[in-house]
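You will see subunit A twice below: alongside subunit B first, and alongside subunit C after that.
This part shows the complex of A and B:
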């Protein structure tokens, strides 16, 4: 089965999870290397190929990987690699790799092991909503089982050795993808980023390091991997995310109280454009889908529309649009097809209504 | 009856006319002065009051003015004056005048005589669509009848004397208000303006001299009033307007053929925003109403919606919004009320459809 067939046939990850109004996904990834093999960035091609041949069967053999997709990166088309990036299953860096790098992706897409990315092993667990602990437990099990099959590069003093010192020690990166439109509308996001940075956490855009916060989506993750246990890191991030949820909820409540028309103006215009445009860029679509998603959270649209919105976030990305067509599309052509898809999907959605102000207890 | 009651009770001008897809209105105005009286800009207040007292009864006495509104400018509220400007019935300059200036407005609003504007008499005839000749004939009759009752300042060599030399001679200004969205979208409007200027005609914005071309509406008028007969001027403008209609129709056909998606993108977005925004400025509303009106002309919406659109062009203007409220509205408050009106009126209009390409004769 090639990857396109695999992605088409597999059920994919669950579309629901705790706090998924604000937390789109939780992710934990571990970086590991095999003792005695050169790091991928240093190794020559034959060494990388040898390392891949050694590691891949061990990953494939894990019980969690029953029915998984497994392949070398050079077996994937550029389009397939881009689709994996748009689904946040592999890094942009890994998508650029070829012979000597590989990928094992579990049947439900919740576990993904990149082989010969920056490190020999980058294992990640991805969950819907706020499920950092569950994500960590899942990837921890993979790690424990692989450690029985492969000898990791490990130092008693430094912990797990990694290609880049920023991952040294636990090799863990815990992150949550947050939808924070009200903090952006209330112009509080820069403050929030500064505060989160002071806690030693990083705030990044939609596709990780150095990317833009499209669609009001921000990724919060730990910076340090040394001097703190994995459980502590997960717990710390969990607390900060809980605070960010509260900040976003407060910002929504305040906006609704002080500037309801401003909020509904954004939501209404977003819907109006998405449901009626005949050409729309990926960036504009994401930003408007974000505002429409906020409208769902604020009861301007029925909550039953949320899965559709979330699906459109991904389905309107360039590679996802391209895969439905045989001929290579230009950016302009994609803008037309994206608008066609959005009109078809959102046109039937009823126009937003401004919900009445919350009833007081007496009025009930 | 005060002006507000008069405007509410009167049937108003017809909403249909020849070529009204593109020509919104035709207007002819004549500037005249009474011999022996100082020009209004030179006259002292008592002289202006005296001139008004002399002239107004003569205008009121015309058979065309049966059932007309007649009043001194100081009897009008600032809001009423602004409403007259928004309906193109009086000039901005006249709206700023007070004691010693007056106005006589026919029952159907098609004839309006300003007294002591820049000249003693500014008589204008306003018609829907392309009706320059009819408009001229109507105002010419008023002029002929008034000339029997008042002695005009006239020179055998120079013709009718006027306060500003640009009106000297015939004192005529013939103008048409054109809706030219396709020429704007095709970025041909600057070329057109240059060409029209070379013919000795002026192209101005929505509210005349020195105003912006909001809503893709342009006013074309003669520049010269000397050395050419009134009928010739009307005929020349008529020909140029006919050419502009053809240019606009060609631009529409070309856009539909070469860039249909671009056109429908503009039309769809305009509708989407108008029908769903909760705050919108006058300027944005005019520009979007213009694009939606183009959509009606292109059969994206039923033609039965055109009168509604044309009404909204005026009804969303600041003074028209204000008159529905007793308390003084701020610009921000008007933006909210304007959006409320547009959502209520345009929300029930079905979403635009892209019409099929024109059928070839064989396909019929």
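This part shows the complex of A and C:
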């Protein structure tokens, strides 16, 4: 089965999770290397191929990987790699790799192992909503089983040895993807970023390191990996995310109380453009979808489901649009197709109701 | 002063960030600061930059090891300066002297705390981890951080169970 068929056929991760009003997803990744082999960035091509041949069957043999997709990166088309990036299944760095790098992706897409990315193994577990602990436990289990099949590079003093010293020790990166439109509208986001940075945590844009915060989506993750245990890191992040949820909810309440017209103006315009435009860039679409998602959270679209919006977030990305077409589309052509798709999808969604009917404070 | 990234242009953007009481500085030229998104604070964390690129510099200052070469993979200090990545697991030993300071400024500690491959675990390691967690638990309780305390307690329980099954710990 090729990757496109695999992504289409398998059910994929569930679209709902705890706190998914604000937390889009939780992810935990572990970096591991095999003893006696040069790190992928320094290894020559034949060494990388040898390492891939050693590691891949071991990953494929894990019980969690029954029915998984497994392939070498050079077997994937540029489009397929881009689709994986847009779904946050692989890193942009990994997408740029080819011979000697590989990918094993579980049937439900919740576990993904990159082979020969920056480290020999980058295994990650992905969950909807706020489920950092569950994500950690899932990837921890994969790691525990793999350590019996492969001899890891490990030092008692320094822990798991990684290509970059920033990942040394536990090799763990715990991150949550948050939708924070009200904090951005209230112009509080910079303060929040500064505060979170002070705790030794990083705040990044939608596609990780060095990317823009499109669609008011931010990734919060731990920076330090040495000198603190996995459980403590997970708990610390959990706590900060819980606080960010509270800040965002407070910012929403305050905006609604003090500047309701400003909020409804944004939501109404977002709906107007998304449901009626005939050409729209992916950046504009994401920013407007974010505002419309906020409108859904505020009950402006009775009966509308958040999952539809979340799906459009991904479906309007360039590679996902290109997927349905055999000929290569230009950016302008994609803008037309994106608008066509948005009009069709949002056609059945009724105009926003503003102000919305009074809701109970704990309404979801 | 030259830019820390390209080392060619004059640095015009100077940033200072304090994380957990540690001051970190970086000087960049205009082109590199734009490329790194520093004009847009949303997409930027100084630490990324420092941790990724500043490490080699810092290593230089701490202990010039220009002549050192990893005996296993042939990786040199100059290579580390270029990429900010090491060549193989043994590089950590070859460059240990210079790395110590780097790790200190980058991480919470310089000694690994947490999971270890089971085959390398002696009963001693578990005892040490239990002692560490005990301390952590007391600290969390003293700070009335009960969520952290619960997490640490669960972790303690898991490790104690592991410790009481030496047969399992010994299997390879």
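Convention: the second predicted complex is superposed on the first by the 352 of 364 C-alpha atoms of A that agree within 3 Å, B and C clash if a C-alpha of one lies under 4 Å from a C-alpha of the other, contacts with A are read in each partner's own complex, and residues count from 1 in each chain.
Heads up, the rule we're going with is that a residue touches a chain if its C-beta (ideal position, glycine included) is under 8 Å from a C-beta of that chain, and two chains touch if they have at least 3 such contacts.
Given the structure is predicted, the values throughout are model-derived calculations rather than measurements.
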item: Partner chain in contact with A:299 - subunit B first, subunit C second, else both or neither; value: neither
item: Which of subunit B and subunit C A:223 touches, first, second, both or neither; value: second
item: Which of subunit B and subunit C A:279 touches, first, second, both or neither; value: first
item: Which superposed partner A:311 touches (first subunit B, second subunit C, both, neither); value: neither
item: Contacts of A:5 with subunit B and subunit C, given as first, second, both or neither; value: neither
item: Touching partner for A:269 - first (subunit B), second (subunit C), both, neither; value: first
item: Subunit A: partner with more touched residues, subunit B or subunit C; value: C
item: Partner chain(s) touched by A:16 [first = subunit B, second = subunit C, both, neither]; value: neither
item: Common interface residues of subunit A - those touching subunit B in one complex and subunit C in the other; value: none
item: Complex contacts: residues of subunit A adjacent to subunit C; value: 33, 35-39, 41-42, 118, 140, 143-144, 147-148, 152-161, 163-166, 168-170, 172, 189-190, 193, 197-200, 202-205, 209-213, 218, 223-232, 234-236, 238-239
item: Complex interface listing, subunit C residues touching subunit A; value: 17-20, 36-37, 40-48, 51-52, 55, 73, 75, 79, 83-89, 92, 99, 102-103, 106-120, 125, 129, 132-133, 136, 147-148, 151-152, 154-155, 172
item: Subunit A contact footprint on subunit B (complex, rising order); value: 261-262, 264-265, 268-269, 271-279, 336, 339, 343, 347, 351-352, 354
